[in-house]
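One structure follows; several queries about it will come next.
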Amino acid sequence: MAGSLPAHETQVRVRYGEVDRMGVVYHGHYLVYFEQGRTELLRSLGVTYRAVEDAGTLLVVVDTGARYYLPARYDDLLTVSTRLVDFGRIRMRFEYEVSRDGDRLATGHTVLASTDSEGRPKRLPADLLERMNSL
Amino acid sequence: MAGSLPAHETQVRVRYGEVDRMGVVYHGHYLVYFEQGRTELLRSLGVTYRAVEDAGTLLVVVDTGARYYLPARYDDLLTVSTRLVDFGRIRMRFEYEVSRDGDRLATGHTVLASTDSEGRPKRLPADLLERMNSL
Amino acid sequence: MAGSLPAHETQVRVRYGEVDRMGVVYHGHYLVYFEQGRTELLRSLGVTYRAVEDAGTLLVVVDTGARYYLPARYDDLLTVSTRLVDFGRIRMRFEYEVSRDGDRLATGHTVLASTDSEGRPKRLPADLLERMNSL
Amino acid sequence: MAGSLPAHETQVRVRYGEVDRMGVVYHGHYLVYFEQGRTELLRSLGVTYRAVEDAGTLLVVVDTGARYYLPARYDDLLTVSTRLVDFGRIRMRFEYEVSRDGDRLATGHTVLASTDSEGRPKRLPADLLERMNSL
């Protein structure tokens, strides 16, 4: 199924403070770019992360990872391509590719679990599930 | 009165990701070092920031500033010297000097206001006021 | 002269990790928003920060400050209004206002000094001075 | 061999700005804690990351990942337990466990590759290899 889901693309401009003393984007910042990718993918479905949280469901990162191929530099305009590759009643898995002018810089994934405000597993909101199913 | 209050010193080791492409600590990170300074100053008084917040009082930064004299580099061990220079029923003013081996790298200040969880002004906790008065 | 210089506006979407446990943007992140503001102002003049640095001139923050009026929240779309209020052969002073839907959230300033790669004062690039003079 | 290498432990105090609107440490900050762990492990071997870089060898993160079990909160004192689980002439693999009072909060890994300043693979410094071999 994963292969058939469309990727969502968003652009990110590298900020000064995101670059380390090697002159390249600090590896940890890619997790922030990934987050922008999935935030915008959800927004494109008509759902905001913020509204989900404000309605009492937290989407907690339980697993993440990244591989780095080529460095990004200050002021580069990056493309974050995000795919929702799997989801169930509780979990969603997103995969990412960050590129610049068609060159792949990094790939990664995050698994999010839906919980209540106490951290107990909780079904994803029906509205969100429906929209994901319609993809 | 300010001049007579003792400075509290805490050590900070510069992290890799805090250094920018010039090879020096990104200017914004000094605000984090300042925060560590005032957090540890309060802890030395027997009050934790966290306990204050958990008891319903937020300490909100309303004004801050910094001047930079010499750069700090990756892995440097810095000394943050923090002074509580003034306080009233609602506000506290802290001043900082960040140094390395006796050389002054930066100075700064923050003014914090005490509020309730809705952002309305609220007296500083009696316990905290008492401890500050005893300085 | 300052008053006559036009403000440059850029938009910033608040990221998840920029919000602290009070649910509002961490005060230190405003310095990053300010930086985006001046980066885009310079870009609008046809000069990139990156090109200036790559040509051997560093623009070092020597003084900064911010005042906070109202909180920004996760996913807010902010407007950073940036003004170049003064400049000489070595220094530039930028002032900022961050707002949301017309409400002023914060104001601030930064003073940048032009140096060589060893940190010694150095004239601002002729090209940049010329473009600023033409404002 | 991995199993026989001792873990190195270092302490990290959670900073205010590292906590997100859920009141827990933002998942991306664990990569910074991991980095502190391996930096201190290397220091305990008598080698500093900074000296390695200053001598012309970059240690570039090529792969990283983390799993999250329990949340960390503001002002928590965390233990980062770091193990060098494998290394060759070019690469090193570190694994981490972050805990609080004996409870496991997160685990993770990073693979670092040794490169020259142009990003070309380069042997790890002889001195570092020797010290790792002596473990």
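We call the chains A, B, C and D, going by the order they appear; numbering starts again at 1 in every chain.
Definition applied: a residue touches a chain if its C-beta (ideal position, glycine included) is under 8 Å from a C-beta of that chain, and two chains touch if they have at least 3 such contacts.
Predicted, not measured: the structure shown is a model, and the values here were computed from it.
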Rotating chain B onto its identical copy chain C by a Cα superposition takes an angle, to the nearest 5 degrees, of 180
If chain centres are mean C-alpha positions, then the most distant from chain C is chain D
So, in whole Å, the Cα centroid of chain B is separated from that of chain C by 24
For the pair chain C and chain D, the C-alpha centroid-to-centroid distance in angstrom is 34
Cα centre of chain A to Cα centre of chain C, whole Å, reads 28
Multi-chain touching residues of chain B, meaning two or more other chains, are 16-17, 21, 28, 32, 35, 53, 74
Chain B contacts chain A in the complex at 16-17, 19-21, 23, 26, 28, 74
In the complex, the residues of chain A that touch chain C are 15-17, 32, 35-36, 39, 48-50, 53, 73-75
Per the touch rule above, chain C residues touching chain B in the complex are 21-22, 27-29, 31-32, 35, 53, 58, 60-68, 71, 119
